[in-house]
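Okay, so here's the structure we're looking at.
Lettered A, B, C, D and E in written order, each chain numbered from 1.
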């Protein structure tokens, strides 16, 4: 049983403003980026459940998110916050995980409505995923069976405060404890569950490779996953006669 | 080079033709070629001699206006040489039952004699006799291939030919009635007073129609496509290539000497244009090679008529160039068409099986169209520059017709080349094309067209050298007064006596 | 044996060699050496190169002499021939021979084309000109007919056009002879402009029609696209690069040297309102726009480039018709520029065909990761074709624009810009459908084109880039051509032109451009964090899981929006015109054949006789 | 020579900062129209810094990155050709026409970058963007023709000098009113905002070209947007509003030129591609041609 | 049930007269325009063809299935509507649970394909002849048919998922002031776990 508080938040030194020690410039730069990150959040315009109806009023003239620097963006590549609003059915969860992995980090997940906390009204249903936190690191919950726009705005403001203070780094957790999340996902979707994003490769690439990144679940994934390595631009020069060479170089 | 040899040129083949059956079987096959070789040698000698100054022979010693006169200037000598050589190349060597072969060989010899006679004879009646002789032998040869289609086509040809001869005879009688003489030189002398009136022109038109049958003139050439398509290719080559040129030459000589009038030239020009348009456009739609070549020869002869319609030596030079070029190209094409007859579809991919044949066809097509290095271009250049030099707008129109018909000619000739070099016919008509050796050319056809091709290429390379003699021949032929002076030494006395 | 004789005999020797042992492996090397030898000979010798060989026939002197204008075109011809020869010698040639075609005929056709074009370019009088013109047409026919059944059919469609043009030129030649009495180009340039307006108009009509057919100007352009597209690979490159420009060479001589543009401007249709020069300018402008927008709709890369060949011809003619220093320099420079990047583009398309087997834009895509060098060639090629700064295409188009702006021709200027924008759209479609987007499963393992193909392509594109950065190099040859032709010569510097009314200095512009790219790269790689390459299926598709068997590459009907607006304008009126002429000839032919199938020939003979007599008697 | 190198660095920076405030002004206008508070003063800067400070970015290949580099670099080069008060850069070596072409290079670079993302939304977006470019570039070129015919040269320095010679009376807008109006309409279409933003249709093709642009790629495009705004308005000001006598007037004119179309933009829905062609080929083209006719006669 | 001599004039009577042709069929009017019909399973196709052919019942709005675990039977209800008679006919049939197979009416009413596919997914009842018996909505579900009475969803959930203890500080403040959650989760849950 994992409680919210018990989720280990790994405090990395660079992110935490260490109050003036270390060289000033590095500090100021991190300070500036953290401030800009908090002041400019791009919200992914992806309505997963019923809670999404509360977002337009939060954007338009009465509550106006833009004054906080929050803009709705359409594709996961451009977005920072993934708002999971309302019940998360198993089918939708697949799309949410795909979208989450396509987002560029630092990225944040806000679970709006109670259904993302503990299943909410659909806690008995066989078709919904109960706890969103099992499948991806969640930064902020805004409970309520559809929270009002003020609640959404206050939730966002709190997230901005966390980002500013550097406390909201859970996206690293997805890389560091990928095996845990993958296990939960495989438990729900079956063993040959695979997303086109190469999370393990990204973990290595960005230096987020922790001890728990690999485990028996990722071993399972390794066995059946068709490797989706990017097409490197290669200069296959040479005078081979036939057009099709090096058959089946399965990397 | 004493003049009496001229008579030999006509007499020798005639004699050989009739004595052929008596010769023992072993030698019989050699008689024809031998005779033709002798005639060719004579022709070459005559040509050398006549280049400087034309030769005259009064047969049997009778002074010109009464007796038979043979007048040989360089053009006539050249055509005699051409007759001998082309007949030799198109000689019926074999491939038939022996008595049938005798008949063919003798007929060919008679035809050769008649043609030689046509070129050298100096008076109208003689021309008519040799013309009839040539006509009859061509009927015999045309029907030679013994197929029903050939018989029918020749029958229609006979009707037209005889009607034409009839008209020519009426024309000649008219002239005789008006001028009292038939000798060309004498006529040339008397023509201004007697023949340059509507009646004279009518006589000229009748002779033109009469001779036009053989020269594939527009109004009377409807027989040509059928005969050439059904007769043996060798015969069609002979008729289209050689005989039609001689009829044309006679008309030209008549035009130059007796009727140098604008109306006559205009008639020739209009008929030439119509002949060219009808020939080339009909060939555009032809689906079978022999008929296409027939129509193409009608077109080319139309061009020759247009050329001779141009007054002065320029016209004669252009006419000679076109006639000689056609004389070389058309027989070769007919030889190629022997094995490639029938519908064009049969030819799909023929180039793969007989590459030399296809290459020759393409070479001749290029020359016919007038692609520069080949002599065809120089002929067309002479024709067009002649036409452009004339102030009269009708000549410019003729020039336009020549240009347009050349484009049409290029299209249909290269459609055939395209079919030949295209890919093999597939499926149902595949069987049609490669029936045994349908597409491969027999050795004789290739040899014949190869010689013609060699002639063509030689002419192409030596074009600048040939230009000078052609010019001299043209001036010699177009100079009427010299003809008269040469044939009738003291014209003053004779004209008085004849009145 | 002076320089020109050596040049002509060298190319004649090459034609013979190609015919004899064209299919061996040795011939391409020999041809390469000979071509380079010719190039060096041409560039080295001083002008005018008089030729010894000549003949005198029917009272006309026929001789050959190469001046600055001819040499400019000759250099491009031999350069294009060298590039396609290297291309043919390599693996492409082996594959071509393996497919059953004859490499010997292709080499012979190429050598024949070069010889014919040299004869044409160095003609001293109209007969030599006509000999060269006809030989070029038929050598072009031979080169087009190589490469299969569709190529042969396209070449056969070219025959009536070629013969029509040739006959128009022959008609003009003969009329010139009868009106001016001489055929020598030098004398003609003095005498011809003294002819009356009516005569000059007829001559202009005949010659202009003849030359515009080969150049593919508007009414006579339908044959060029299929003929050039279907020809064998390097054949297309050579044809597209220089073959159509022989028409421009002829038009240049006709309009500027013989008739002088001022006299052409006097021939007015509506007394000075719309002169013959305006007509030529507008035909050129329309030739820029219509073929370019036809190219936009093509789905085969070779056809797209062939249609652009026709379009770019319009710029060249427009430049020359403008007649001022910048305009004509732009037009002439565009001949060289277009030859370089067009040959590179066509060779690139054939390299793609060599590897993937097809040039159909709807069945390619994503090849940039597999054929990067070919992509680089095509990228620089399309930048040149579209006329954007770093490449030389921009310089020549800029010169034409500037002359249109200085001369004050707004509508013509508008047409040229519409043409350029159309080119930009269609070239992006070309590179997007071939190299960008989703890489198909079956193309994942193809390799880059072999060295024998990439080297000539890269050489051409680098040449285009170098003459783009320093246009002065090419402008020196252009100035020489202008002087030889009698046009006002352009004052040029290494970077472009200096003038108060608006100068162009490519060295600075390209320098600043690359400085900008440097700063951009610094910003991108320096300021931005680490980025990771992702697979093409790791893509946003509205939450849908993409898979390799689904083909989601957007290539068919590429500019749908644009086509909704201008779609109805494609009425195909020229194709209708061509088929109308064809059916008219058919009708005439059937009528004539009816004459020969009449039942009773004797009756017609008699009727004819009576009519003839009547005509003779009562005239 | 040295001053050109300095200007090469300074002019783009100035252009970027002015461009950023233009973006801010645009968003503020949009907010005010929608009765909203609108973003804080430095919001564009925050966005750009946040995008560049992203820790992980996904790129689809070398060409995807080079596309963004070309987009930003192309505009940096274009800025040096735009004379601003005190700095002329290389305006004398490249005229108005060259500037029009150099500004096409960034869009071509972006098109190539988006091409390699292998995303159909991106390809459709680029197809529409190029069609829109075809649409608004034709009247733009007509206007360039008219202006360069009127001033007798397409060298921007002379164009500005000619206009500043006689004060407001000799400004382009007073001398060539029709061309000025057509120019404003074309500028409006060039900026790619509301009625003319079919190629960035968020709901339909997920922001078209920008669909796979994240982190520093999107940051590069935000920087390009600032440059685009500055370049378009600076060209218009140089041609019709007498260029910059001093920085204050220059900036006021720039913001005025951008403010007019932007104030109208956010009340419109969105034209389809063929309608963009219809509108831009009808009104500005007719006005432009009439203006040119007037200027020439 | 004797055959009445003359066909009655009003709608419901004529319907009843028509239905007499089906043996072993019982009718019961649930409302002025709602007729419940009970019949043996094998005669259902005959009824459908009769109603469709002779009474204009062209609209099969739904097939619903009721699970009777105690009687080990499934009850299938076919809701039919006629635009002429404007009377809703609900045909009830009972089929045994264990083989759980029945024949499809797809050839008569094409929409039946979806209803049958849905029932198959939810109840595991196989319809022979139905075009597609694949997964319909629950593409990720490979457990037992969930709508069967013996399937205990809550037990499955309890086994599959774990809960997280969500005690945010704002809840503690409310509880400090005496408020809090009225019905605790363990009271709702049958097995009493929190």
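Note that in this section a contact is a pair of C-beta atoms (placed from the backbone, for glycine too) under 8 Å apart; a residue touches a chain by one contact, two chains touch by 3 or more.
Being a predicted model, the structure only gives us computed values, none of them experimental.
Enquirer: Which chain's C-alpha centroid is most distant from that of subunit E?
Expert: Ranked by distance of C-alpha centres from subunit E, the top chain is B.
Enquirer: When contacts are scored as defined above, which chain pair ends up with more C-beta pairs, B-C or C-D?
Expert: C-D
Enquirer: By C-alpha centroid distance to the whole-protein centroid, which chain wins?
Expert: Going by the distance between chain centres and the overall C-alpha centre, it is C.
Enquirer: On a C-alpha centroid basis, what's the spacing between subunit D and subunit E, in Å?
Expert: 63
Enquirer: Between subunit C and subunit D, what is the gap in Å from one C-alpha centre to the other?
Expert: Roughly 36 Å separates the two chain centres.
Enquirer: If you average the CA atoms of subunit B and of subunit E, how far apart do the two points sit, in angstrom?
Expert: Using C-alpha averages as centres, the distance is 102 Å.
Enquirer: What is the distance in Å between the mean C-alpha positions of subunit B and subunit D?
Expert: 80
Enquirer: Among the residues of subunit C, which are close enough to touch at least two other chains?
Expert: 366, 368-369, 439, 530, 532-534, 536, 538-540
Enquirer: Where in subunit A do residues touch two or more other chains at once?
Expert: 75, 77, 94, 102, 202, 205-206, 230-231, 233, in rising order.
Enquirer: What's the complete list of touching chain pairs for this entry?
Expert: Result for touching pairs of chains: A-C, A-D, A-E, B-C, C-D.
Enquirer: Residues of subunit C touching subunit D in their complex?
Expert: Interface residues on the subunit C side: 366, 368-369, 379, 383, 386-389, 394, 398, 401-402, 405, 408, 410, 413-414, 417-418, 421-422, 424-425, 428-429, 431-432, 435-439, 495, 500-505, 508-509, 512-513, 515-521, 523-525, 527-534, 536, 538-542, 552-555, 558-562, 564-566.
Enquirer: Provide the residue numbers of subunit C that touch subunit A in the complex, in ascending order.
Expert: 91, 94, 354-357, 366, 368-370, 372-373, 439, 444-448, 450-451, 454, 530, 532-540, 543, 545-546
Enquirer: Give the list of subunit C residues in touch with subunit B in this complex.
Expert: Interface residues on the subunit C side: 55-58, 127, 130-131, 134-135, 138, 145, 149, 152-153, 155-156, 159-160, 162-164, 167-168, 170-171, 174-175, 177-178, 585-586, 588-593, 595-596, 598, 601-602, 604-606, 608-609, 612-613, 615-619.
Enquirer: Could you pull out which subunit A residues touch subunit D in their complex?
Expert: 32-33, 35-37, 39-40, 45, 60-61, 64, 66-67, 69, 71, 73-75, 77-78, 80, 102-106, 202, 205-206, 230-231, 233
Enquirer: If we count contacts the way the header does, which residues on subunit D are in touch with subunit C in the complex?
Expert: Residues 8-9, 12, 52-61, 63, 65, 68-78, 80-81, 90, 92-98, 101-102, 104-105, 108, 111-112, 115-121, 123-124, 126-128, 130-131, 133-134, 137-138, 141-142, 145-146, 148-149, 152-155, 158, 198, 206, 211-212, 215-217, 219-220, 223, 272-274, 276-278, 289, 292-293, 296 of subunit D touch subunit C in their complex.
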